[in-house]
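Shared between the two complexes below is chain A, which has chain B as its partner in the first and chain C in the second.
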Partner chain A sequence: MTAAPTAVSPMLLRLAEERATGVLVRDHGALYLADGQVVHAESPAAPGIEVLLTAGGRLAPEGWQEAVTRAGARREVARFLVDSGQVADGEMEICHLGALHDAAFFALAPGSGPTRFRYGVAHWIGAVRPVPAVAVAREARRRRGLLDSVWPHSEVDTAPLRCRPSGHGATATPRQRTLLELADGVRTPSAIARAVGRPAFNTLLEVRRMAAAGLVETPSDPAVPDPAPLPAWVADFAVDPDIALLRRLRDALEASL
Partner chain B sequence: MPGIDECLLQAMVVPGARGAAIVDWTSGLALGSIGETPGGDHEATAAETAELARMAAEYPTFAPEEETAPDGAKGLPVEDLIVTTRTGYHVVRFVETTFDSSVFLHLWLDRETGNLALARLRLADLAERLVLG
Partner chain C sequence: MANTETALKEAITIEGAIGAALVDYTSGMALGTIGGGKEFDLTVAAAGNTDVVRSKVRTMEHLGLKDEIEDILITLGTQYHLIRLMKGRGSNGLFLYLALDKDRANLAMARHQLKKIEAELDV
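Up next is the complex of A and B:
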């Protein structure tokens, strides 16, 4: 493990050392600490645990609502769902850890504005399975590296997902096809993750894999201004079957820069 | 209905067990781990095992399109993966959850004292009980 030149959040590690309890708020999300350990995380970019649990249909939205109503005030929503037999213990832990690391990945994104901490705040989900703060920070860093090792173009993470015409040999896996079915040129990977009830990071990783395989578009760098409109005769080449090959070459060249 | 820690503790009771982990094979996240691991780093082992599991779970040879078995039983297409090495056995058991996930149990066994057939059955049982409501 290489020591990062700048820790993801030095403040997080300091709070862990002093065994703080409260909520760490950054631009892209929040981490809830109890005795210095991370007990929950939330981010607008990541589907909440209620989305992950209800999207598959096993837990009815009413069941979730009832749990929040009856156990939210005493901050034991997770416990209530398990004790009332709606979610198994193991499933709750698997789902919650998935949601925690997912939101933490976005919350700890480098350079995402100022960091604030409010002491004493606890989340209504309650205790499930606390994770040491260093482990959360390390996992967030590993995830960032993993995304870039697959396809070093972060533009695909936030742009609407667009399928590429097939014909270059690559085929999508069943789990990828579920995502492609929702790629309407409007939904972003984050919105698709929410719709299918999967963690956003897992969806980003699949999107990067699909971009690397040429299954989805990799948008050109938004910082570059649009070039002048091309003459019509150039556009006619779009029907040329070699265009797919040329695109792959271009992508490969860009990737090796 | 055991949680992750209880499940891992029970995995370590399997004869010959050296280490165990619960891993998400899409992200490579170690949800929980116990005991030893070949390289000494549970997180690295989880990431590597996840890659192997992903190949098996996604290549059409191992995970064909049809969802149902001849007897009509539903479930995950791939049940487990077994890797034997000179000194040990690795058993990876896919866990089926009621929500959309990609999780497996990984058990590393000593070759001398481990019993592959027994370990496979015990791990299958543990994977089932982990998500039993």
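Up next is the complex of A and C:
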């Protein structure tokens, strides 16, 4: 339930020391490293950067699609969005950092299975602002501590969000009401985060606050399913991507457009 | 168009500045910090001050005030702490945090400069 006080991932720190480049894959997410620094992170439990960018109409979904199509192969999607004037420089940085730490929080969840590392893999989002691995690990630990200081019952993180009948004085903030409106007894906090286009951690924090205030139910059954693990193929990708094949594919796709 | 680094670099040039941070107030994470030091851990200050902002927002809701916080000033014996909430379209709960040395700072000027930095960051 509570975070172990030990290092989140000794392997991450070792890879940082040897200035490794590649992707670190754990059960609940992946961290991309370049020269030992974290340049991106992804987790099925956290909305991707495209969700955060397109939420609230900041960036049109077509704009995102175009950036992926035109700059994905050369791994400069973020650069493309900034250079084409669709996203401001500072906005991209802040959004990317938000997505990175959000996914890293889940990827670095304690005890989440084996850790694998593929050397040489880079993410197509491209360079935004690298974060030292120790800073990412420290932030993930701080976040875990913060959640537990609010309401030390991690069951609410993964269970479908259920409102409790009110009448005991506690009221939800406007931000919390937005989340409660989506609580249909099926959606988990992660699903709600994706629906509102906000980082999953921020949603978890609000959910724990609401649970502490008695606004949502805390399941008594701790046997809740884990957040979706990464699909198996993520770890199975070839160490050496077949560049020639990918180029042919791209050319064929472009020709058919 | 400023990025977070240039915004923070500009913040630290404000007369009397000890440290500055750009903070996500929901998670309490400092997205960037500048200055500070051993005696002044800006990441701790960032996390702690999110509670200040949250508490004030909550109080305003209770009071039924339909208004927004521009900035929050905390005056210590030897320092000013200035919190400026960001209003840009994407700044879903970000604030700039600036710690100033009271003897060297010009408060009115610092507020004005911080406002300008916020506008330039435009997130």
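By definition in this document, the second predicted complex is superposed on the first by the 216 of 257 C-alpha atoms of A that agree within 3 Å, B and C clash if a C-alpha of one lies under 4 Å from a C-alpha of the other, contacts with A are read in each partner's own complex, and residues count from 1 in each chain.
Please note the rule applied: a residue touches a chain if its C-beta (ideal position, glycine included) is under 8 Å from a C-beta of that chain, and two chains touch if they have at least 3 such contacts.
All of these numbers come straight from a predicted model, not from anything done at the bench.
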- Which chain, chain B or chain C, is in touch with more residues of chain A? B
- Item | Partner chain(s) touched by A:38 [first = chain B, second = chain C, both, neither] | neither
- Task: Using the touch definition from the top, say if A:46 reaches chain B (first), chain C (second), both or neither.
- Result: neither
- First (chain B), second (chain C), both or neither touched by A:215: neither
- First (chain B), second (chain C), both or neither: which does A:198 touch? both
- Query: Which partner does A:108 contact after superposing on A: first (chain B), second (chain C), both, neither?
  - Reply: neither
- chain B versus chain C as contact partner of A:86, first or second or both or neither: first
- Item | Residues of chain A at both interfaces, chain B in one complex, chain C in the other | 56, 58, 88-91, 93-95, 97-98, 101, 129, 139, 142-143, 146, 173-174, 198-199, 201-202, 205-206
- chain A residues within the chain B interface of the complex: 1, 52-53, 55-56, 58-59, 85-95, 97-98, 101, 129, 138-139, 142-143, 146, 173-175, 196-199, 201-202, 205-206
- Query: Any idea which chain B residues touch chain A in the complex?
  - Reply: 1-4, 7, 22, 24, 26-29, 31-32, 41, 43, 47, 58, 63, 65, 95, 97-103, 129-133
- Note on the structure: chain C residues touching chain A in their complex are 1-5, 7, 22, 24, 26-29, 31, 47, 57-58, 61, 88-92, 94, 121-123
- In the complex, chain A residues that touch chain C: 56, 58, 88-91, 93-95, 97-98, 101, 129, 139, 142-143, 146, 173-174, 198-199, 201-202, 205-206
